Amino acid sequence: MSWVWTQIKAEAHRDADSEPALASYLYSTVLSHPSLDRSLSFHLANKLCSSTLLSTLLYDLFLRSFSTHPTVLSAAVADLLAARHRDPACVSFSHCLLNYKGFLAVQAHRVAHVLWTQSRRPLALALHSRIADVFSVDIHPAARIGKGILLDHATGVVVGETAVIGNNVSILHHVTLGGTGKMGGDRHQKIGDGVLIGAGATILGNIRIGEGAKIGAGSVVLIDVPPRTTTVGNPARLVGGKEKPSRHEDVPGESMDHTSFISEWSDYII
Amino acid sequence: MSWVWTQIKAEAHRDADSEPALASYLYSTVLSHPSLDRSLSFHLANKLCSSTLLSTLLYDLFLRSFSTHPTVLSAAVADLLAARHRDPACVSFSHCLLNYKGFLAVQAHRVAHVLWTQSRRPLALALHSRIADVFSVDIHPAARIGKGILLDHATGVVVGETAVIGNNVSILHHVTLGGTGKMGGDRHQKIGDGVLIGAGATILGNIRIGEGAKIGAGSVVLIDVPPRTTTVGNPARLVGGKEKPSRHEDVPGESMDHTSFISEWSDYII
Amino acid sequence: MSWVWTQIKAEAHRDADSEPALASYLYSTVLSHPSLDRSLSFHLANKLCSSTLLSTLLYDLFLRSFSTHPTVLSAAVADLLAARHRDPACVSFSHCLLNYKGFLAVQAHRVAHVLWTQSRRPLALALHSRIADVFSVDIHPAARIGKGILLDHATGVVVGETAVIGNNVSILHHVTLGGTGKMGGDRHQKIGDGVLIGAGATILGNIRIGEGAKIGAGSVVLIDVPPRTTTVGNPARLVGGKEKPSRHEDVPGESMDHTSFISEWSDYII
Amino acid sequence: MSWVWTQIKAEAHRDADSEPALASYLYSTVLSHPSLDRSLSFHLANKLCSSTLLSTLLYDLFLRSFSTHPTVLSAAVADLLAARHRDPACVSFSHCLLNYKGFLAVQAHRVAHVLWTQSRRPLALALHSRIADVFSVDIHPAARIGKGILLDHATGVVVGETAVIGNNVSILHHVTLGGTGKMGGDRHQKIGDGVLIGAGATILGNIRIGEGAKIGAGSVVLIDVPPRTTTVGNPARLVGGKEKPSRHEDVPGESMDHTSFISEWSDYII
Amino acid sequence: MSWVWTQIKAEAHRDADSEPALASYLYSTVLSHPSLDRSLSFHLANKLCSSTLLSTLLYDLFLRSFSTHPTVLSAAVADLLAARHRDPACVSFSHCLLNYKGFLAVQAHRVAHVLWTQSRRPLALALHSRIADVFSVDIHPAARIGKGILLDHATGVVVGETAVIGNNVSILHHVTLGGTGKMGGDRHQKIGDGVLIGAGATILGNIRIGEGAKIGAGSVVLIDVPPRTTTVGNPARLVGGKEKPSRHEDVPGESMDHTSFISEWSDYII
Amino acid sequence: MSWVWTQIKAEAHRDADSEPALASYLYSTVLSHPSLDRSLSFHLANKLCSSTLLSTLLYDLFLRSFSTHPTVLSAAVADLLAARHRDPACVSFSHCLLNYKGFLAVQAHRVAHVLWTQSRRPLALALHSRIADVFSVDIHPAARIGKGILLDHATGVVVGETAVIGNNVSILHHVTLGGTGKMGGDRHQKIGDGVLIGAGATILGNIRIGEGAKIGAGSVVLIDVPPRTTTVGNPARLVGGKEKPSRHEDVPGESMDHTSFISEWSDYII
């Protein structure tokens, strides 16, 4: 973790030196802070505050959550590594820390989730609301999310109350992990490790997306998806067919290979 | 209406007592106000204000609209009841009032619509723009919307100028009720009472969605949909077939049953 | 250009006279400024500023970019004309200038792109991040965009790093011009002149969308689309068939005809 | 009252026309409002608000106080007339309404005083604190103040809890109406009608300043001052001597004649 | 200390219950905080922040200073007791904590002084500047100030770089403890314990104000003042005469007796 | 001028390096700017803005005034040199530029004065009002002020409409240059070059303070003061007597010698 923080500071120093117009921003958000948790708390507090939820209150809240729940911070580091590793547009750790709304939304969600598990639900929901307003990312505070998560672009992501997301999952924008109706209870997805969910995919109901599965962009998925298979289309079909779906070797949540199925899929294209 | 307001105050009192960090927020938004219209005006004004549209100006505008158009406020109460009744994640009225961007966007839209019908169009459009920026909900001020509306999650909803939405309709996020081109005139949908429109559905043109119809998540609908039928897919097909579509008994806009068609739909799934 | 600015001032004067509640807003954003570049710089700076990126800094940045890169401003004028011409809901130039998040996001992107080409990448990315937060429009600063662009509704538009968009293109909301994985390099679309991309369409990979093509709402497009043809569905098919696709005469990016293919498409509808 | 408001609007219109850079300010503070009470409430709320006392809350508070206590507003009108009549630097009513910190401090004090008399003391004191911070004018909310008051320049004025100020009094900056120690009870001045208190004068204790008296700049006054006499110096002496002080005919609170005593006073000047 | 904090919370609870309009303010500033140092840090940070010195930065700074320098906090408690004890207008501890600009300025000064002694002079001076802007209280960060200090009304107090103020001193508004010219070095006052300095008094140069002395309002003091004597006038004279000045028994800094010398002084009054 | 700006940047660099908590502030106010006029415009705009007078508007206003009136900027440089030279507490040019409210108030006044002479009086008065609110310095925009001015501490300074202040004048806090009544016309002081006016001095009427004169702290001056003489007391007397006042050789506005007259004055002290 300290290695990543050292990197972030070095990057911010380099950028502040080369771009005076940004130096004030970089000092206030990164360079004036002694540690990642303070930098992240400061940045989230200033992003998420409003005239009725002051930045100082949120700053306090984030700082305390990070210090009492160290796994929240280590998950943030895993997410930084994931973004840097998987997203070719992610040019530096500091770029992700400061500018990725998906990254910031997930970190703020983790704090909301801590509050939820402490039965501080009204506060968790207020924080949830601010994340949804500011980042257009709507993750219910009860949802459980692993580490090494990449929400790429992130706008419009919706994750329901009883969803569970594994580790090393990559989710593009406009993705919905939604429920099935007005009944309560466990009504959302279980997303396995290493899954990749393409842009605009909609997954509804308490179904299981097997580890390493790939959900094609725009898919509407209503039934379980076996591990390391690919679904495409609306309604979603398994590439290779329901009976003998094609299985891939790689972990798409990490390889981010969105389109390898095109050749196979072309069979469906008129 | 007064019953709902009494409930909201009781909930806010309970939450303020149990969560001191949120008490300031709850007092400023709810507990310091003598009535729902003041609370809602205050909250919307602080959410939608900007450096060039001050909160005091918006507060005035909302207050006056609520007082001169009492149906706007009674529709808000119907929406609160709808959210509480239909959305299992909605734990209280105050949660909806404070945190649901769909609820807040609809209430602000209703005021923009009042302004539109009063030929105060530049102001209506400026308010529309703020709603679109802050909530990522883009409802043209001319659109007519019934009561008992639930915009669930709400991010990315777009409703065009000549759209008409009935009562007790539920609309998920990323739903588009769009036009057909650059011609003006009546070019948007007529959505009947009790309709449910799933996440990411796109409905284009001046077509009629019959009452109690269900539009499946991700559908792209370009033709009329008969009452109490279900459409799925892109392009959208009627479940049960064009000739003899299946008809359901329930009102999906109220039951929120998104996925009952899965078994039937599985016929289309390869 | 000066004709458009004269129009904008006349419209704003008319609106300020008829609506005192909006006059302050219109004077601060339009009527107090001697030229379009100052008005636009002021408006963008106040929209995009945050507690860590001050409005005065952004104002300076926009002003200087407009003055040193006059094509950025002339492209803005072309976009104003495009919105006014193509969008029946666009009632005036000033309405577009002040209220269209798509218009504002594109203008701010053009400045971010100038910074990017000047190797001021950290600043370009910080500006990109603000545009994505405020407008929910996520255009990578490296993406190249022509003039006469209409981003209608705009929420949720994502345009990747190596995308190139021609002139007179119209793009609806929720449209993705995305990449193919974690490899860098040229991995995004080349969108020809006059293309229309419908709401919710997802286009992935370094493919070519021929000039005057029409991408139907909700399409998921993974392969090249010939000029003046139409794609629909998920996966996207060419209307008229892969072998002999129908070709249209009009330029859909300008005519905005979203739905003319319905009759043809109905063949696919069960 | 309506005549003054009509004048203010006419002045603001004239200034907005001649100075576009100020038009936004004039519309938001004056021209968009239908009445003086709304304009004044808006202006005070935006001046006195802080991150923990929101402008909308203060706006509500001022509006209600003005509507339930009409004498507060009529006193404001009397103060506007006083400033316009007595202060040669006061070029217009709107100038006083918008820019005179003494005028604004007195109006806000009157509302704080209303709250005090309603036993809403914590709110009165919070408002008092904001007035002291923003205007550097510190009038205890319990102090009773007449009408036709001019606080000229106003910075540093201090008025204690049990002070009573008559009508048509003019008070310059840095004036103290202070107490005598740590005992409570009635321990401050009774200032008669038409008194003029010069810059930097300090008056201590429950003494009586007779009507039409003039307190010279820099005086330190510890004993009663007879009507229509003048005090000068530190400690203050009566011009003309204790036994047969000179008496003037004019009302110095209205004539604002600060220096007519110079010739007499020169006797004391070495 | 914990007793005072318990009192403050009880007062704030009582006031929040009786005045809903103030409850939000009281929760954010007092009731949501677990300890006095957090409440005070929050309040000062929100009072002193600006667009270029963010509240979160100041909050951090105050919190750390209070935790590493516990005497700063204990001095704050002594000041609270002093205000409550000496000022009849101080109705509660929470009133002083929240509303007394003199109290707040002194606490912020103590933190600036800590920074100064740590050779963090630019930060100390920036904080000093904010205190001077916001509270109109200008205490050089190098000045040394005891405990049990009351700055009553406080506007316009100026304390120079090498001034030293003892314990249990009370200073009214507009008081200057100033230097003698452009030479550096030790050029300011040494104010003994228990001194009372009346409104508008000006004390210049490195002179000694003996313990328990009383400086009359408006005095201009240029020479040493013996303990327990009183000075009045401009230029200041010792009451009772230079040779055998009257000596009082009480400690005027605590008794706040401003005016007992009137009878004696009347000898000088013509 | 460029030498001073180079110094300021060097100082700010040094301070930013030694104090990360202040670096953001120093970059935004100084280090990101290419020239003194931009830095000063930025800093003043952010200090003086309000919710109804936006920082971007003020920034524009200051920038244009500095560029069209270069003497305004050269006077600012002279003031920086004066503060650095005369005030032992002024540790650096950047300290003065950023933190001295007297310096900032004078620079903003100069711009208000430019507006006044251009007959843009409403804007000049609005700016005047902001200066008075923010810095508690109240200089009428019509007042003419020389260069090399030091307003030390500055709180409470009041300068009337027809006052004229020469070059190299030093004025302490709480100083009043006031009028004589409600008559208009030329009614304020003419202050010669090199004058020093001590804290709390009050000068009333159209009198002449000869060059190099010294006005003692707390003086109340109502009659002309000959060059290079000293006045003390209330009412003010000439040190050395009216007939043959003592004359000093130095220029007290530059030497800042406040107290050399003590020995002579002691004759008056009882």
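As written, the chain order gives the labels A, B, C, D, E and F, with residue 1 at the start of each chain.
Throughout what follows, a residue touches a chain if its C-beta (ideal position, glycine included) is under 8 Å from a C-beta of that chain, and two chains touch if they have at least 3 such contacts.
Note that this is a predicted model, so its numbers are computed, not measured.
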| item | value |
| --- | --- |
| Touching chain B and also chain C, the following chains | A, D, E, F |
| Same-site or different-site touching of chain E by its copy chain F, using the half cut | different |
| Whole-Å gap between the CA centroids of chain D and chain F | 26 |
| Distance between chain centroids, defined by C-alpha means - chain A, chain E (Å) | 51 |
| Gap in Å, rounded to a whole number, between the CA centres of chain D and chain C | 55 |
| Chain C residues counted as touching two or more neighbouring chains | 21, 24-25, 28, 32, 46, 51-52, 54-55, 57, 60, 136, 155-156, 174, 200, 218, 234 |
| Chain contact topology (line, ring, star, complete or other) | complete |
| Complex contacts: residues of chain B adjacent to chain D | 24, 28, 32, 38, 42, 45-46, 52, 54-57, 59-60 |
| Sites on chain B touched by chain C in the complex | 50-53, 57, 61, 120-123, 125-126, 128-129, 132-133, 136, 138, 140, 155-156, 158, 160-161, 174, 176, 178-185, 187, 200, 202, 204-205, 218, 220, 222-223, 234-238, 241-242 |
| Parts of chain D lying in touch with chain F, wherever the complex brings them together | 15, 18-19, 21-22, 24-26, 28-29, 43, 46-47, 49, 55, 85-89, 91, 95, 98-101, 134-136, 153, 155-156, 172-174, 198-200, 216-219, 232-234, 255-259, 262, 265-266, 268-270 |
| Contact footprint of chain E on chain B as seen in their complex | 16, 20-21, 23-25, 27-28, 31-32 |
| Complex interface listing, chain A residues touching chain D | 51-52, 54 |
